[in-house]
Structures are given as structure tokens and as C-alpha cells.
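These are the structures, in C-alpha cells.
Shared between the two complexes below is chain A, which has chain B as its partner in the first and chain C in the second.
Right after this comes the complex of A and B.
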């Protein structure tokens, strides 16, 4: 028993009392928290338990606990695979190019929409721009084959009827890259404008009026008022995007990709699918997933740190 | 402020505690339930439920579903009721059978009592990981009819390290592929039917240059797809005659097929494909066409001069040939055996004499009922009835071969729309001998195509060779098979589409990649097994 001084004890008692009062007053707020927290525990933290598969020779008839521990053997095996590095390179490459092309697209689109005067036209074009976001990749894949096919695709029908050689949009890896990126922009740019448009409505209109009085033209206003007002949004989205550099959706590369361009279209998610779901090597698939998660975490923290230092903006 | 900080700390401790609890809880939940394989029979009193997997091809006719149709009721009435068993069917999409089966098996409790797959690697993996019920005793006790129906040879394919972990279905017709040529185009150009690969090349060139189908330059002399039925006949015809040692050590089994990646002549085959592709004699987008949809579309449109395909595929009602003739009156296809090797033969692979691997998961409590079900199917006329329907309504017998009635009512036809997926112990109709089995297929086709079907089925059985069989699984194949199959397709696509001067370097680098990703491991293991077999 360590001797506790009277003052200390008193202090503790007072603190407990205050804490009780605090909870009595604010318990509704904590009650509201229960649902989201249990969601995260159940669906985000709970499954993390499965990560130990990466360290086990997983056999699904024996379950996770019944399988043998193998330490880092599976990591060694994955890091010795040539395909792992190829898919890692492709993941980073596709994401980086996507960032260059798909990241500015919704921004530009949002500013253009914002500048529109006619309300009904604005609403109409917004709706049309959103639609691709709601189309499943499987269907987009079908459309892409119809439009970009070499022999009977719409575009190549025009190209060949003009007397040029057909362009192998889907079967030459460099042409394919372009197809992949453009389809991505088409699918996601409209939807991406939502956040920017929301931020734009927050700009004080007086700023524009004052600039007009000062004789600023449209471009000047965009450059000096609209863009600076969007800076926090842009930085936040950029951080999130950078954090996702190592993660890549499964459907887009899997469906738009094909055997002829696997050199570029084979990414980590399709790799995991192939060794995990198709070949049943769950241990290796888990290793790759864990690797992705760890690198992704480093990326997010790094990007956040950099932006805090450089632009004084951060999300943590 | 101070309170705030304290509260925060308390809250986070609380959160951490909750987290730990959740983890512990899920840890307990993750434990697999362990239980015996054979349960007691339900004959005494309470009805038991037997769950049986069934392939769902999404083609159930109106009024019936994949889990409730004429055949499921037939099973229930003739097997379920007398034995006090409720037979439930669990649908699995045909195109995702292995993936869905993996998920089902991993789920433990929910897995059907009878599952199956065409993929031997999947079967070996389940067997090796101890997920399957050993069946030899059960067969001995409960399945005399099944045993005599399948025979020792077929059953041997279901063994893993001496134990019977699967019941392979028996295959009635072993032929795979035939080739087809537009006879009306040949007639128009006054050309004979090509007999060798060289003659075929000249014919294809003539098709391209003279465009006898007046397609307006869209002619596809050789219809190709990235599917075995199209590339296998071509590639295998270039493989040189092999010694036993070469066949055993250098063949690579990927998935359920033998592949010739390392066999002498493989490169020549690719070189030929490269030539055809670069001269514009082959489907340009074949690499995008893994499900043969584009090919069958092109054939139906009348753009394709020559192609190879699963022997019976073009002849089904409303199939490729029927659509072709609807679009182009006067178009005729002839079944031909063209691709030839250095000896003038037409080598092509044939099926192993088995179909599905039927398995009973170890977690199943109904192993006895499951075996009884399979035995019931093999006994009396049950298999025949499931495959052919009702005499007089679906078929009439002619020399012991059921002839499908062309004028059968829609309702009668719909009865047995998925007989192939329900009669799991057999792949194809079983009538006693191979010729009768083939004849049953022929008579199942629309009348105007029956002669041509018969010819195609003769072609597909000509000069065939069997898949290499080992008495033990090659582990490297199970491990790398799926990934290497993708690599194999990449080799075919990249070398075919390369510019002719890049062919050599493309082939070299693709092969290196293939070997590094498991090809070498398979080669080593097969060589070792060959040594030990000597």
C-alpha cells in the first residue's frame, strides 16, 4: 500500500464527481456514438483477426486456430515471386497516372459547372455526369469492348472506313493504358465534382463582387478566389488519394484488362484474387493484403505529414 | 480541460477493452466444429435432409427453378420419399464453380453433403488438407450398383495417396474437338477440302484474297478465340511424336488439361499462329475472346471460313450453325480433320474417361445418405430416366438408343433441361458401348444436322491421345496450375501478336517468365516422379 496523501484523495474524489456530472449531461452524445463504433469494431477491427492467416499454413478445414504457425515463410515466398513485383509496379503506375489524369478532372469540371449561369442546364449536365458512377464495371466493360474493339469496335469502324489502320485500343499495352485512364475519368469525374461543388457554395459571394469592381475577369477570379477557397478540399482529397496509391479497386483492371495487356493490367488486387480465390492459397493472398495495408498506412501518414509541413493542412 | 483529457483517456481504455473482447469473441467463433463423418441413417423415424450441389446455368425454363423442377421432384419421389430423406439442392453458378465451392467449403457448416468439381487440382487440395470423407468403406457397404457402374478404372481417378476421396463420374464420349469449314466457300472457289496444315494455309489465303462470302473485306479466314477448343487442335498438331519419357516429364498439367509448353514443336505452333495473325488470316481480337462469344458471333454472321470447336457445339438447336444458315441461306459447314503433324496424322487430345469429381466433405453428417443417393442413381433405370425423360413423350427407343422426339411438347422438353447437371455420376449418356453413346448424341440433335454431327464426332475421336495419368498428385501443378494457365495464355497471345521480327525475343522472355513462375518446379517434380516410376 503506498500512502496516498489526503489532498490527492480529495482531488480524485472531486474528479470522479465531475466526471459523473459530465456523463450525466452528455450521455446522449456517447449513445449516438455506439452505432458507428460498433460498426468499426465489427467490420473493420474484427476481421483484422484474420491477418494471422499470413503467419500460418492456413488450411480451411482446420480453421485459423488449427493451422500450423509458419512465421515469416509466406512473406519470403511472396517477396521471391516475380509476379508480385510486376503487380506492385503496375498498381503504383496505374494509380499514379490516374492521379495525374483523374484527380484534376472533377476539379476542372466542378469549376466549369460553378461558372454556369443557367440553372436548368447546370442541373441537367450534373445528372448526366453522375450517371456513369452508378453503372457497374461489368457493364462498362461490355461497352468498352463494343466501342474500342479492334475488329468491330465503333471507333475503329470509323478509323478504318477513313482509310487508316485500326488502333488496338485493348490489345496493345500502351494504347490500353490510355483506354483504361479515359474510361476511369469518364466513370468517376462527374461523381467527384460533388465534394468540390459543396465547397464552392461556401465561398462568400462578396469576394467575387469586389473582384468584379476591381476589374477582374473570369479567369482571374477563378485563379485568385475559387481555387484558393478550394485548397483545403483539394489537399484533403489528395492525401486520401495518396493513401490509396497502393490499394487498387479490383473490378476496373480485372474487367478492362485482358491477356494481351497483362504486362500492365495485372495489379495487386487481381493477383490476390488469382492466388487466393482461384488457387486457394489463402496464406499468400493474406500476406499481400497485409503488405498493402501497411504500405498504405505509411503512405497516408507520410502524405499527411508532408502536407502539414508544406501547406499547413492535415486531416489527422 | 483536465477533465476532458481524463475522460478521453478513460474512453480510450474502454474502447481498447471492447476491442479485446471482440477479438476474443471472434476467435472463439472462428474455431471449426469438429465432428464425425458418418451420421446415423434417418430410416428410423425422423426425416433427414441431404444437401446436394447443383450447377446453375441460369437456363431454367419458366415455371421451374434450379432447385424445384421435374428432375428434383423425380429424385425426391423415387429416392427421398422411400428412404425418408429430404433432398435439397444447393445451386452453384457454373462459371464460378471452383470459387464458390472454395467459399462453401471454408464456411464449414453450410457446405452441401455432396459437392463436385471438374478441377482435379481443387480435388487434390481438399483431399490433402483433410477436408474430405474417405469413401472406400462406404462404397463397399452401401453402393454395389455404383461400384459396378463406374468400374475400378474410373474409381482409380478418385484416389489420393491410396485413399478413395472422390467418386469420379464416368464419361461416355472421350472425343473433344473437331474442325469445320465453309463448304459453300470451297465450292465457290472450286477448292478441295484441305487435308493438311499446309493445304489449310493456302485455303485460308484464298478465303482472304477472294472473299467468297462477299463480306466486304471483313472475312476472317481462321476463327480463333483464347479458348482450348480453338488453340488446342492447332498447337497439338505441331507437337512432334513423343517418347514416353518426354510425354511424362515435359507435359504440364494446368487445371484439368495437359499443356504442351515444353514439348518439342510448341514453338513451331506459335510461329505458325504468328504468321497467320500478321498476314491477317486470323481473328484480330482473339485475345479478348475467352468465352468464345465473339467467335460464335462471327461464325453466325458468316464471316468465318474455318474454325475448330467442341465437336458437337455448332449443331445444337438455335446454335451456331442454325443461326449461320438463318443469316446466310446456302451456307454449309463440313466437319474436317485438317491440322496434321509431321507423320500426316491429326493428333488431338481426348478426355480422361471421367467427368466430375464427386466429393463428400468431412463435416457432412450425411455421408451414408449421400452414398446411397449416388448408388440409387446408378441402380435400375434411374440414370436413364433422368437423362432421357419419359418414353413416348420425350423419346422413342430405336435399337436400344433413345431417339429424342422432335415433336415433344415444350413441357416434356423442359423436364430434362438440365439432365447433364443432375445425373452427376455420368458425363453423357451411358448405353453400353462408345458407338451407341455417340449415336445417342447424334440422335439428340436437330434432324438436318445429324449426319454432320456424326461426322464431327468421328473426327473428334480420330488420332487422339490420352492425358498423362499419375498414381500420385504432382504438388507443383496444384500450386502453380491456375497461375501458369494465365501465363500460358499470355505466351500464346504475345507471341502470336508480336511483329514477326520480334517473335524470337518475345518467345524467349515469355518462356523465361513461365519457367520462373512454376514451370520449372513442375518439370522438376515430374522428372523426379518419372525416375521413381522406372
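Right after this comes the complex of A and C.
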């Protein structure tokens, strides 16, 4: 044995001893981590392993491991499904329209709130405008049926009393699209103002005073001081939104949607639920979910890259 | 002078517009309250908008006399408390060691956690896991899969890291172990952020619907959201509500019953709303300042 390896061994022994002492001193910290890390491994990485269902002809009797490998057959089947493209299109369409409507709404609302002079009125307005954020989609769904219903909905009561025909907000796909978007704005606009209002607290008030001396009106000040100071926030939020274009919540389209408007309301998340949990085509549903997760990851990483380049800050 | 006048006009228009938005925000709630308090006849003829017509409490009497509704409320309260308690215990247990930058193995552990924020197996593999663990149709299916939110964990880690080391060191010189330091020094110092995160978890559980739809099948285990969903979706309300009492009540328009049930499920959230608002705004601020 050469002296070098002997020293190495001694070194290793010393290191192991050090490590052992380290653990003995700090074992409680690792003991605290046992359950949380087990949680992540079981409930987060377990399903990631379960993704191999996408490559297997899954059935319950043989289980995940016992089922036969089928390679990319299920992917071919999914990519040949009309409904897959329909739900993909709807996902992108609903997200894009949301971006047009629900993205600017909180920005405008935040600027308006910021311009309010009366403190109590501002506080009261904020308190009320935040409420919808805390209401579950199930409850919102219940409210939507009462407000937008064709027979005795609040809006249609007004519409018909003015002598017009009732508008089928929930059963005509184009009208439903409007309903879906309006409900989104109603639910998210108030809460969305918080991040802008937080950014606005950082504005130097002297800028406004200086602009006033120069004779700038209110709108001019908003345009030249308030908006530019929000630009980094706007850009960051916009990029995050673009990164989430393929991700779509399950509850909003599922609860507000119905079979009459499925042409537009069926999105990737509801599609996965429908073919997977409801129809038991687990392999196909897993493929769709995996597709969504992978494309979503690419989008988010792309958005982060864009954010680094454009806004010089990482959103991750 | 003219500019001041224009500025004044701006203020008035702005305030009126905000008032308009506030009313739009409230109108659906007022409408549903009005529906819940109105007679079947008035609802059918479309007379009810924001003010109840033929004021009566029948719908509420019916909701409160429906044992399945009360049981569902009780179950949801129990579920939310259990979930929030376990979530906080787990999140604190994870955050305390991970807040120590010198901890050996911290980097790979953080990596394991952060990855789950960007990639997940999807709902079908999650469903399979819950099924294979024999958790389907048990309360644990609604508790275990969501125990730690990586986002909230990171908020708590950041908070722990901002507690001055000197406080902890002085305790350790006195011979206090890590776990004792955590319990007797760190947690008492972190009560505001712990309250905030507890509310995050609690509201998420209270409002959660997707997992209840996937994992719960027996009606006696329906949390409030699932029960309400079935009620609102299902037009056979009278059957679901296990009508009791006089036959006169079966004349009640189900719309008012649905509306009363919606209010029934909304009120608990409105009761905690003052705290929600205060803590949530703080929570978002923490996130915003960090980001």
C-alpha cells in the first residue's frame, strides 16, 4: 500500500469522524426534516414516478409496475384526438382573452385607488374589492347562475324588462365566453391591485410636486410618473402570465362551464378530469397531463429567460 | 385656478367610478341575499333584484333544519382545523433547519423542494397515489397531499432567516437544544407570520373543491364546497335537501334554497374576513418585497 492512499484513508476516517460528530451535534435539525422530506418524496415525487402510466397500458389489476409498456402509443392516440386540440385551443384562447381583460383591470383600478384623496373611502373600497378573491369558485358558480341565468337571472330581468330578448349568458358559447371573462375580472381585479399599490408606495412624492410646478394635470402625472414607475411590475407580471399560458385552473372552467358550452369551456384540465377520473382512460389522461406539465415548464423557463433579458430580473 | 378646478373634477369622477366598481363588486352578493329572502312567486316573475320581495326566512329555516348541511359544515370546520394544524407543524419543522444556511445538505434538500414548484406529476398520478395508499373517501385524502406548500415554506424560511442569530445563540449557550430553541424562542417570535400562513392554508382548504370532487364519494363525507356544488348544479334540490315538515314548504322555489345555501357557505369566510384581509395583504407584501 502506498503512503498516499494510506493518508487518504486516514483523511477519510477523519472526515467520517467529523461528519459523525456534526450529525451528533445537529441531529435534531435532521430529525425535524424527516417528515417534511418524506412528504415531498411521497406526495410530490411519487406522482412524478407515476407519470410512467403515460407509457403503459395501465389497468388497476396489474398496477403501475405490472402494466405492459406501450412506448409512445398513447401519445400517438392523444395527438390524433380532436378533443385534445379543441381543449388545447380553448386553454390558450381563454388564457389569452383573460390576459386582455383581467390583466389591465387591476392596473387601472390600482391607479384609480392611488389617486383617491379620502383615506377612509380608499380603505373601505379596498376592503370590499378584495372580497371576491376569498370566495370559492363553487360559491361564485352559485352566484353566477343567479346573476346570469336566462330565466330569472338578475341581468336578464333587467334586459327583458327593457323589452329586449333574454341573453343566454350560460348556454350560448359566445355569450358564455363573455360571462367567463367578466366573472374572472370580478373575482381577480380587486385583489390584483395589491401588488401595484405596494409598488406605488415607493414613488417619490417630490416627483409629483415638481410636475405640478411645471403645470402638469392629473392625467399627465399618471401618464408620466405613476405608469412609468409601475413598468417593472407590469413587465414582470406580464411575463409570468405569458409563462402560464398553458396552465389553467380546473375549478373556474369546470364550475362555470356546462355541457351546452363545452365547445369553449372544455380545457386541458377539465379534459384530463373527464377522460381520466370520469371515463377511466387513465393512460390517455396522464399523457395529456404530462404534455401540459412539460410544455408549461418550457413556457415558464422561457418566460424567466425573457425576464432576465428584458427586465434584468429573474422571476424564479 | 382652472387647473385646480380640473383636478377637482378628476377627483369627483374618479371617486364616482370607484364607487361604481365597489357596487358591482357587491351587487351579486346583495342579489343572492335578496333571492334567499324572497318568495318563490317574486323570484319566478323576476321582481327580485337587490331588495327582497315578500320577505321571509323559510329558505334559511330549511337550510338550518337540514341535518346533512349542518353535518357538512361541522365536517368542514374539523377538516380545516386538522389540515391547518398539520400543515403548520410540517412547514415549521421544515423551515427551521432549512433557514440555517450552514446546514450540511441544505442545497440538495432545497432543490428537491423547489423543483416541485415547477413540475408535478399531474392529477391522474396523484389520484393513483391516493388510491394506492387506500386514502380514497377518507379525510386524509384531503389532508395529506397538501401538507406543505413550497411557496409558504419559502416565506417562512425567509422570515426565520431574518431573526437575529444572537437571540438563538444566547439560548444555545444556556444549553438549549435546537428543538427547545425552536419552541421557546423562534416560534413565539414568529407568531404574526405563523398566523398569516395558517390563514393561507385554512382558506385554501375551506375553499378547496377539486380534490373533494376526485377523492370523496360518500355523501356523509362531503365538505361544504362539494355539497354546495351538488346543490347548485343539481336541480333536484328538494330531493337533496331531505325535505322535512309541512307540505306547504315543498312549494318553496328551489332558487331561494340554493341562494340561502350559498350564503350559508359564504358567511364563515366573511366572519374571518377582517383578519384575512389584514394578514393576507401583509403576506402578499412579504412576497412582493422579496420578489
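The working rule: the second predicted complex is superposed on the first by the 249 of 316 C-alpha atoms of A that agree within 3 Å, B and C clash if a C-alpha of one lies under 4 Å from a C-alpha of the other, contacts with A are read in each partner's own complex, and residues count from 1 in each chain.
One rule holds for everything that comes next: contacts are C-beta pairs under 8 Å (C-beta built on N, C-alpha and C of every residue); 3 or more make two chains touch, one makes a residue touch a chain.
Please read all numbers here as calculations on a predicted model, not as lab measurements.
Contacts of A:174 after superposition on the shared chain: neither chain B nor chain C is touched.
Contact comparison for chain A: of chain B and chain C, C touches the greater number of residues.
Of the two partner chains placed around the shared chain by superposition, chain B and chain C are both touched by A:22.
When the shared chain is aligned, chain C comes close enough to touch A:127, but chain B does not. Residue contacts after overlaying the shared chain place A:51 against chain C, while chain B stays out of touching range. Touch criterion met: A:259 reaches chain B, while chain C stays clear of it.
In the superposed pair of complexes, A:219 makes contact with chain C only, with no contact to chain B.
Using the contact criterion defined above for the overlaid structures, shared-chain residue A:277 touches chain B and also reaches chain C.
Shared contact residues of chain A with chain B and chain C: 19, 22, 37, 41-42, 45-46, 49, 63-64, 145, 152, 277. Residues 2-3, 6-7, 10, 15, 18-19, 22-23, 26-27, 30-32, 98-99, 102, 105-106, 108, 122, 125-126, 129-131, 226, 283-285, 287-288, 290, 362-363, 479, 481-483, 486, 489-490, 493-494, 497, 513, 516-517 of chain B are the ones touching chain A in the complex. Those residues of chain A that touch chain B in the complex are listed here as 15, 18-19, 22, 37, 41-42, 45-46, 49, 59-66, 81-83, 145, 149-152, 166, 170-171, 258-260, 262, 274-275, 277-281. Across the complex, chain A meets chain C through its residues 19, 22, 26, 28-33, 35-37, 39-51, 53, 63-64, 109, 112-113, 115-118, 121, 124-125, 127-132, 134-139, 141-143, 145-147, 152, 154, 156-158, 160-161, 186, 189-190, 194-195, 198-199, 215, 217-219, 236, 250-251, 255, 269, 272-273, 276-277, 282, 285-286, 289-290, 292-293, 297, 300, 315-316. The residues of chain C lying in touch with chain A in their complex are 3, 6-7, 10-11, 14-15, 17-19, 21-22, 24-29, 31-32, 35, 43-44, 46-49, 90-91, 93-94, 96-98, 100, 103-104, 109, 112-113, 116, 118-129, 132, 144-145, 147-148, 177-179, 182, 203, 206-210, 214, 225-226, 228-229, 232, 255, 258-259, 261-262, 265-266, 269-270, 273, 276-277, 280-281, 284-285, 288-289, 291.
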